[in-house]
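Take a look at the structures below.
Heads up, the next two complexes both have subunit A, just with different partners, subunit B and then subunit C.
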Partner chain A sequence: MKNFLKATVAAIAFAAVSSAASAADLKACYIYVGPVGDFGWSYQHDQGRKDVEKHFGDKVETAYLESVPEGPDAERAIERFARDGCGIIFTTSFGYMNPTIKVAKKFPKVKFEHATGYKTASNVATYNSKFHEGRYIIGQIAAKMSKTGTAGYIASFPIPEVVAGINAFMLGAQSVNPDFKLKVVWVNSWFDPGKEADAAKALIDQGADIITQHTDSTAPLQVAEERGVHGFGQASDQIAFAPKAQYTAIVDNWGPYYIERIQEVLDGTWESKSTWGGIAEGHVVMAPYTNLPDDVVAMAKETEAKIAGGWEPFTGPITKQDGSVAAEDGVTLEDGAILGMNWYVKGVDDKLPQ
Partner chain B sequence: MRIELVKRKEHSRKMALLSPVIAVGLTLVAAAILFAASGTDPFLGLYKFFIEPLTDSWSVQEIIVKATPMVLIACGLAVCYLSNNWNIGAEGQFIFGALCGSFLPIVYPEFETSLTLPLMLVLGALGGAFWALIPAVLKTRFNANEILTSLMLVYVASLLLDYLVRGPWRDPGGYNFPESRLFSEAATLPLIGDGRMSIAAPVAVVVVIVLAIVLARTLKGFEIRVMGESPRAGAFAGFSAKRLTLFAFALAGGLAGLAGTMEVSGSLNQLLPTISPGYGFTAIIVAFLGRLNPVGILVAGFVLALSYIGGEAVQASMGVSDKIASVIQGLLLFFVLACDTLILYRIRLHSRRTTATGEVSRA
Partner chain C sequence: MLDIVQAVLLTVITAATPLLIAAIGELVVERSGVLNLGVEGMMIMGAVVGFAAANQSGSGALGVLAAIVAGMAMSALFGFLVLGLVTNQVATGLALTILGLGVSGMIGEAFIGVPGLRLPKLDIPVLSDIPFIGPVVFQQDAIVYLSFALVGIVSYCLFRTRIGLILRAVGDNHTSAHALGYSVLKVRFLAVLFGGGCAGLAGSYMSLAYTPQWVENMTAGRGWIALALVVFSSWLPMRVIAGAYLFGAVTVLTFHAQALGAGIPSQFLSSLPYLATIVVLVLISANRRLTLVNTPACLGKPFVPDR
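== the complex of A and B ==
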């Protein structure tokens, strides 16, 4: 019996070792904060991972861990990948920032890429996308389509990225209708379908007939579909969940970035940097415009082209909520001002939580 | 054939030892079926889940890191449960303790002396004890149900933490992101080994040993057990139920608060909106899996931590969904509880023929 056990364990151990030593040149690993089935943020990162597999074939092997909570477990998950022979590790949520930096110190040869953070090191790069460019476009559509002149915005956390998204939406809406109203509900979560749905219902009850969200589930759009109002997909094309309600979606397209960076690792040209791509780079993509009249689609496409050509939605005149001037006419806000944004533009019907 | 459960006259000692083994065996079989059904090699899956984490010094250390807070909390909870005090709010005591322990490095970051860390630990333990004493006092004074009050205070504590890291304790250099500043070197728990294990691990072992001796060998231990099993008998012996309630809650809260402070100082180095993946609740399971015995708790904490680390390993290396890992954890608990039935009951099998004739004769 003992010998049998020994033999079995040895056989299994051998199988484990032989499976670990695969033919791939590089192993690219991903850490997701949500389930890959959230059909939002983590789902899109996983789509990017699949693009990598498709592009490189056998040359690159990938692995991922999903639903890794931001907290004490994150550092272990990242270190596990570093030990498992991953050459590049993508940590795809803000809360992984300090654990990523910590693990990166221990594994100087492994490359790390942290999404949405601001700390870099010689082997830690950061990347994020200019989602606010898409928000400007959907703001314009909202102002064109809304009958009540009011939109509802379901927001996650009052961090600069989310605040900039609200402001860009409002600036887009005001470019069409200067009196447009925007109500904001903070749900303090990235992924909480129940809370998001409740917020959507509350906003509709307050007169909003356009719902948009900076949270990751499909719940707000599904509520919009049920209640006969309209909305936009977040992070991925959510048309399947709201065939009548979705006008378009701001799609996070991480594939091109992942392929580019992994190629650089393979070529030995990878360097730590901060990437902030938008519509021009193909990192932010607008889903097909649906349920919209032709003139509105034309307007949206025109704005999309303008942004792709280098125009920045945060171009003055921009007035802050308190009446002070954020940008004079024709002046564009600097990247730092957008990345650290902690004020509302004039017209947002909410007080920014401080 | 019919299976019948017959109540035993007394606990079966043999089964008490055997039932966890049967449970683990059943879990292995069920897990293998699960792996096979999800299209992965069941033997490789089992190896990666249960054995590989034990073969590598890094993952053993990680298991200990994960088990430490659960063991510490569960030890305190065992004293509560043995003495019939149903403290469900260890999660809140953990969080509130961590908040109190973090007060110094966040509000006075320039206070960096050799006293910083000891003071933090004391504040953390006192904070946790204070948070636990609220339901204890409500119980002894007003006869309020401690299950409800202790549980509800969990939400108060976690919302307080949320408020602090988004508001007054937010890192001034952190671009409005909800997190506190990083702790200084002086406020960080010293590490042992080459991984992330800190001195929290030996502290937990010491607590286990001391508590095991106190429970088995001292008058206080006797008092705890007597008051749990027969408060009337305890009263005749001159023990005070109220004082014991306060003691048990304060001890459990103190240990949870200590665990919280050590987790924040040794592992996270800062406060975040969530600092615990449910340690306070998982510790309840650990306490009962360990049969409310400190040494049993140590083993149970280790096994449960192994199931987390192993679950992560199969996900990372074999691409198995994290849901499979949680299902296997659930199965383990399910089988352990189910097999415990065998301690109190024995199984009697009736053959088909006797039942059949029985029915015939009745007809």
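== the complex of A and C ==
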């Protein structure tokens, strides 16, 4: 049912984008998994697209398709863009991986960029951001600011990226307060403001006075504001929704990457690679620190600078929940171990759904 | 301990109210023999129009009113197509949902990332001072009180008044109702409008009270749950309350179970509200005769007056 609806919406969206003929040097096209109005993941990608338009002006034309379901429909959408004269196509969700590779084989001259995946080809690059770097910082802030010593974490789906986020938050918190407690609630949805709000209320009722989330809406932060506790923005700066409650936000900043890659296509220097940028590259940006005492801001900025200097939050000693050693003192986890993380660090008050 | 029970109950009320309002509206529509699958579309339109109107005027009441009108406008379109042009009800209802999702996204574009205003809580004097119950039940916003009033009124009208009798007659046997001289199409159109108004109201509760903000697709399938509740409640208003509150309660309790670290797989917990609601409503519907009597016999069947 839902897929049918999405497919229909996607079909309608097609008609809207495919009409414009271009006089620009390059057409850059984007495929989004959600609506651009989600104020989260897809919204931030679209902000990146707008940055591209602003930067290149008439030289680059852009187009996008929103709410494209992952799977066979995506293949059609990507192929349509390739036929339509797009020079570079950004597919911005994990589930677009195989369709992207498939279409890329048919259109060797078109450049493809797939977000959050791991399969590349001569004309397919991948890109993702180290959001867990930001989560380490907010974990530190949470441990400094919490009076109850307990934070609540609203999580979406038990995939490695989300698990790594929880672990990074916990490591950050433990670096300040080794006894810090973290309660995790899985809502099994990326986007359902009502459920996210209910989960936030449940966590606060059980003693969490810091709320953070790996879901896409501002609802948890709004609940925090209403209940007089604190939290962090997700994907975009959400201070307008919680002027008293937001300490900072982890902002997805795709604009610089998009501009860089499109410039490379224009220059003819584009080549396939895997980019995993973080705070150092400016792909992950911390929103202004607010509602915090000076010493905590100083600590957060210091950690931010340390990470920007190349330090990885997943550096030992790290102990897994079951007591086994994940990384010895001073040893940094490899990228693959972080990208495939399926275990909790010690201290997380939850059992990882398998 | 009491505090946490109170807190849970408060959360349950917010979670159940939009389902209850949308479902009670659809119940009236289906009692008249029309199946409107566009609840989700009307609800999301109510959410966006309610948010926009409240945002522009600064008045929550105006927002709610605008949402009801928006829901009714959507349902009027549905009524015109289904009753006037005798289009297929299932297809038209689905189209209404798709239309609502699309148009709401367009209207709402300017309001993304704009904090909304929250409907004020109305404390009912004296009653709100009752220990334990008072703060939970009598310190709510107007829409919550309205949702209970709606169920009472619908239940009374449906089974105790002439209007209700006519509505049920139209839904059970439109040929006979027509032969008796009642305007089947007029009754159905009014029922459809009522359903639209309720869906719009439910939508405004989402964007003005539950989570005061606008984001695309924010109703997240609640219209479909409301539709299912109507069927599982075997078209009885009081059972809709039971269904909506049970659904809300189980949803909220699963979050608490997780936060306590109960160690139950979250995927199972996420499906629990659906399972529990279906099981309970099937159990209370075990009386097959009662269910049969309450199922509108002409549900979904088109009617074309011969003269």
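For the reader, a short list of remarks on this structure follows.
Methods note: the second predicted complex is superposed on the first by the 331 of 354 C-alpha atoms of A that agree within 3 Å, B and C clash if a C-alpha of one lies under 4 Å from a C-alpha of the other, contacts with A are read in each partner's own complex, and residues count from 1 in each chain.
Keep in mind that, in the parts below, a residue touches a chain if its C-beta (ideal position, glycine included) is under 8 Å from a C-beta of that chain, and two chains touch if they have at least 3 such contacts.
Since we're looking at a predicted model, the values are computed, not measured.
With both structures placed on the common chain, the touch criterion links A:199 to subunit C but leaves subunit B unconnected. Shared-chain residue A:71: touches subunit B; no touch with subunit C. In the overlay built on the shared chain, the residue A:43 is in contact with subunit C alone; subunit B does not reach it.
In the overlay built on the shared chain, the residue A:219 is in contact with subunit C alone; subunit B does not reach it. When the two structures are aligned on the shared chain, A:63 is found in touch with subunit B, with no touch to subunit C.
In the superposed pair of complexes, A:244 makes contact with neither subunit B nor subunit C. Within the superposed three-chain model, A:353 lies in touch with subunit B and with subunit C [touch as defined at top].
In the superposition on chain A, contact of A:186 is made with subunit C only, not with subunit B. Within the superposed three-chain model, A:81 lies in touch with subunit B and out of touch with subunit C [touch as defined at top].
Where the contact sets of subunit A with subunit B and with subunit C meet, they give residues 8-9, 12, 35, 158, 188, 353-354.
Those residues of subunit A that touch subunit B in the shared complex are 8-9, 12-13, 15-16, 19-20, 29, 35, 63-67, 69-73, 75-77, 79-81, 83-84, 94-95, 98, 118, 157-160, 188, 339-340, 342, 353-354. On subunit A, the positions that touch subunit C within their shared complex are 1-2, 5, 8-9, 12, 34-39, 43, 152, 158, 183-189, 191-199, 201-203, 205-206, 208, 217-219, 222, 226, 236, 238, 240-241, 349-351, 353-354. Considering their complex, residues 4, 7-8, 10-11, 14-15, 18, 94, 97-98, 101-102, 105, 108-109, 112-115, 118, 206, 210-213, 215-218, 220-222, 224, 251-252, 255-256, 258-261, 263, 265-267, 269-270 of subunit C touch subunit A. Residues of subunit B touching subunit A in their complex: 41, 43-44, 46-48, 51-52, 58, 62, 65-66, 162, 166-167, 175-179, 182, 196, 263, 267-270, 272, 274-277, 309, 312-313, 315-317, 319, 321-322.
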